[in-house]
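In the two complexes that follow, subunit A is the common piece, with subunit B as its partner first and subunit C second.
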Partner chain A sequence: MASNLAVAVLNGIVWGMIMALIALGLNLIFGLLHIINMAHGALYMLGAVFSWYVIELTGNYWLALIVAPLGVGLVGLALERGILRTIEDQPVVTIICTFGIMLVLQQLVLTYFGGTACRIALPIPWRIPLFDLQYPVMRIVIAAISAAVMGTLWLFLNRTRYGLWMRAVVQDREMAVALGIPVHKVYMWTFVLGSVLAAFSGVLAAPIVCVDFMMGREILIMAFIIVIVGGMGNLWGSVVTAVMISLIHGVGSIFVVPSTATVFSLGFMILVLLVRPQGLFGE
Partner chain B sequence: MKERKGKKSVHEVMGMEVSRRDFLRTTAVGAAGLAVGSLPFAPFTYGASTPIRIGMIQENTVGATAYGYWLTKVARAAVAKLNAEGGISGRKVELVEYDTKVNPAWASSMFKKLILEDKVDFTMGSVHSGVQMAVFPLAEQYKMPYIGGGAMAAGLTGKDAIAYYTRIHTHARMQAAAGWKWGFDNLGKNWTFLVADYAWGHSLAEEFGSRIKAAGGKTQTILAPQNTSDFVPFLQKVDPDTKVLFTAFLGAPALGVMRQTVELGLHKRLQRYTVICCTDGVGQETVGKESAGAHYLSYYPRYASQVPKELQAYDKTYRKAIGMTDDAKDASNPKNTATVSHMWTMWTTPYMIKLAVEKSGWKDSKKNADFMKAFNTLMVKAGPWAPQGDLVMRENDHQGFHDHYLEEVQPNLSLKVIARISKEKLMYDAPVDLRSKL
Partner chain C sequence: MLLDKWKGAAFPLAFGFLMAVLAAVPFFVDLFYQTFLTEILVWSLFAISFDLIFGYVGLLSFGQALFFGLGGYAVAIPVLKLGLGTGSGLLLSVAVPAAFAAFVGFFSVRLTGIHFVIITIIFALIGSTVGETWTSLTGGADGLVFMAPPLDLGVAKLDLMDIRTTYYLVLAIVALSYLFLRRMVRSPLGKVFVAIRENEERARLIGYDVRRYKLLAFVIAGGLSGLAGGLYSLSLKYASATFLHWSVSGHAVVYTIVGGAGTLVGPMLGAGLIMSLEHYLVKLLQATDLVVGAVLISTLLLAPMGIVGFLLGRRK
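Take a look at the complex of A and B:
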């Protein structure tokens, strides 16, 4: 029981941190651009796939952790400039458009990467004993890296000029334009940043799960739940909610079948939306 | 008229005047002569009869795509070989293909299209039990022979069986019959089944589990969604006394559960056992070192070196024809691993269609019932069309029987055959009798 609880809590935190990064990217894009990005899961998958190629070429996971998100950032740049720029601020249209982008990305990966799942070796192979079970050190490192990235993002948003511009555009777009803030550039870099965060999560998750062209599908649904429960556009609400939902699922799995524990997470979402429709931490 | 220097006119060459009518008549007679002369050498009497059309549904996108790729590739190679050998009853064979998208509703509409628009004569394919079940009503309604291509739910030729469906390969019940005893005797008597929460996973847990319990063993079943990416919450629930962890997932989750079992250190206290379906089409280098020591129940040895001696010549020809290397890689892409244990079904099925057509005297859909009767009484001997070995069909439940293998993952990650289980040992009692339903 003690080992199960320890593993459940640890694993809940690890997945909470990974999910938080994904949800942060999704929320960042929605909060600023009002794009409901259905392709976010595909960008997460693309990050994992790019990392697999980098590791195949260099054998270095840590290099992949830097290169793959940047590669996906370029894809995000092309998507924003080429497709999404014209439909920003039209949420319904963006749903259809990004859904199409998701399908295209999935099928492109299926064509070139293939339909067989691939595995990335754990860059840190050690395990720590946890009562009568063991737990991989790499997962703890992943949680730590996620926390570091979130800290860096906080600093970026609160201590840099670009971060100030982003917050200004969210608060009052017209005023931001009047004050000379390059709103379209801010939009562009926000979408790129969101894409990079999704891809970064993909690279982090890749050694835990397997790289597969459909790996973004389930993640996307959970990311949306987190964003809705945490509050649309509320970045730090997403972080807290991600950890909370993962912990509810992990600890719940000790007492009931893990599939049923998912119902707890969904029940929690319904409860929050009934009591606080604006999300736990407000919009 | 100006004469061309050094050049002769047609008249001068031919020595006679050739009119347009003469030219056309001579050409027509010549062409007819050539056509008649070539007839004995042509494999088909084109135009004398329509081609036989085989409709095929496979999982080409969305999921299980490795199966779709290989089963399609093999079916095409088989049809090409069949045509090169003169087709079926002198008629050319055509393959009409559709993607199921692993979506039963979509697959149904494609199956209907095959029947009503493409006017196919026979249908085959799909490794997905749900997809196959979804097209059953159509096969039954239009009396369309449908030969499965790798789906493993026992009920397809059991409680859910229909008269116009037949399966030439193994399934969960046969796998249990083949694999439970060896596992029970050699690996342990206390089993946990961690399986995908749908028909196939349920079938395996039920079929293996009931035999283990009947023999005095203990079982625990944990169901997980097929799309699970992190199995830690499920693996935590494995009974501490478990000696055998039997897992059944397809694609990425199959690799995930293998890896995460090791990550939690469970591999040190239990044996791992599964069916090859979980990693068929996945190279051992991809499955990874976590698989060392695991046991697979397979239906065709992955490596040519592990194929029984008496089948090696047929296996060699088969591998060459479909473009597969001795270590089960795509000859044109060494990173692509073949779904060896499943895809032979698409090699043997077109040949069995030919045998059944000839045996029943089938000409068109009016004799579909006779075709089904003939198909389900076939006994195919090991040979170029049956590299997997002898295959026997059972008329009662339209089920085929063939040998199975137990393969163990070696420390160098290769798969070594450690036991061969003959088809005679797998012949359980037929759960249904379809003979009067045709």
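Take a look at the complex of A and C:
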């Protein structure tokens, strides 16, 4: 029992760190562009699929960890420049449009990658003993990498000029324009950054889950839940919520059926939406 | 003067003509295309039910799939487990989803914009999770297969295992639903819906209880989505938990946007066009969603009011 609980807690934290990255990307895009990005799950899936290709070609997971997010970043750049830019001030239209993008990306992957799920071998095969069970080291490394990415993001937002601009646009768009901040460029790079974050979590999740063209569909809703409970526009609220929800879900699944845990977390979210639409950590 | 008279006669003429053509079609095409047409009609009904809530009231609901799926089960479960007839099944396929819509809507219409979209998705997700888990009742993702008993109309018994009969039944119900919605959106009630879409604040200030109107529209849309689901399962003789998934609502969204939201005719046209496109393209390339997504995105960029809106020249 103790070992089961320990594994559930560890898994919850690892998965929470992965979810935190997706939610951060989604929240960043929402906070700045006010776009609910329905294609975010597809970008996560694309990250995992790209990494699978890189690993097929070179056999190197760490190379995939660099290349796949960059590739997805390019996709994000094309999407923002080509499509979303013209409609970015109409929230409802962008929801529908990103839904369309989701369909296209999923179908493209289905066509070229195929409909069967593929497993990626663990790049670090060692295991550490945990009570009477074995726990894969790779999962802990994944959580660490995710934490490192988040740290880098924090430095970027707080210590660089672009980060300053991004925070400025979130605070007061009009004023940012008046001060000469190139708002449209900030939009563009924010969307790219959000896509890269989604792809990162896709690559990190790839060795844990199966790589599959539908893998982003359920994740998208989980990411929405995290962003709303944590507060839209509140980045660090998302991180806390992601780990919290994964822990509750993981530990709860020991005691009840997973689908019951899902229904309860969904019900909890409806409650948050109705009672505190600004999120648990919002002002 | 003369023009006004023609305007009044134009709709009954066009409607009558179209109905005559649709009624004659089964005599010229084979069973495959009769089934295909039935499906188009069912999805058109689903699309116009979504158009009421999105195109007229301005609420983007991704939760219509919940009512669609429920409608399917409202036919399948009574027929299969309770031994009820098709007629009561169809009535239930309106009543049960409408009751659920009243519950979901009671909470959802308190929210606006993005929050509304997300809460409807969550409700649908709860529905599909429950539906996929509660396999003893729903059959889960495998679904339920049933035999539809003949529909007793008093004057005649309709054999619903016959494809052509089913087609005529679906055609009649969809046509009636369309007339019902058309009448409604042209009534004072419909004007209130549009007023809420255009400026919610102002509608409230004039004295309309906005939430109650939104709830009313949501319940009607839910009931009609359920009817579409009921007809769908009746024509397939099959209901499944996969129809409850929120992404099924995407069909209605796509048809409505491409055809033109807030026009009723548009979403039906959109359903017909996109489904035919899918049907013919599936032979060329397997990737139908690719085309659907591409058509959706290009419509949003090039003709945001959809095909009908574009033809009417109402550009933003």
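Please note the rule applied: the second predicted complex is superposed on the first by the 273 of 283 C-alpha atoms of A that agree within 3 Å, B and C clash if a C-alpha of one lies under 4 Å from a C-alpha of the other, contacts with A are read in each partner's own complex, and residues count from 1 in each chain.
Throughout what follows, a contact is a pair of C-beta atoms (placed from the backbone, for glycine too) under 8 Å apart; a residue touches a chain by one contact, two chains touch by 3 or more.
Keep in mind that this is a model prediction, so the values were computed, not measured.
Look at subunit A after the overlay: subunit B and subunit C clash there.
In the superposed model, A:133 makes contact with subunit B only, not with subunit C. Within the superposed three-chain model, A:174 lies out of touch with both subunit B and subunit C [touch as defined at top].
Of the two partner chains placed by superposition, only subunit C is touched by A:108; subunit B is not.
In the superposition on chain A, contact of A:95 is made with subunit C only, not with subunit B.
Within the superposed three-chain model, A:253 lies in touch with subunit B and out of touch with subunit C [touch as defined at top]. In the superposition on chain A, contact of A:217 is made with both subunit B and subunit C. Of the stretches 6-14, 42-50 or 132-140 listed for subunit B, only 132-140 runs into subunit C once the two complexes are overlaid on chain A. With the contact threshold set out at the top, residues 107, 110, 217, 257, 259 of subunit A are in contact with subunit B in one structure and with subunit C in the other. The residues of subunit A lying in touch with subunit B in their complex are 3-4, 7-8, 11, 15, 107, 110, 114-119, 121-122, 127, 129, 132-136, 205, 208-212, 214-215, 217-218, 249-250, 253-254, 257-259, 261. Residues 60, 107, 110-111, 113-115, 117-119, 121-123, 125-126, 129-130, 132-133, 246-247, 250, 253-254, 257, 285-290, 292-294, 296-297, 300-301, 304 of subunit C are the ones that touch subunit A when the two sit in their complex.
Within the complex, the subunit A residues that touch subunit C are 36, 83, 86-87, 91-93, 95-97, 99-104, 106-108, 110-111, 217, 221, 224-225, 228, 257, 259-260, 262-263, 266-267, 269-270, 273-274, 277. By the touch criterion given at the top, residues 61-66, 68-69, 197, 222-225, 227, 229-230, 232-234, 236-237, 240, 251-256, 259, 263-266, 281-283, 286-288, 335-337 of subunit B touch subunit A in their complex.
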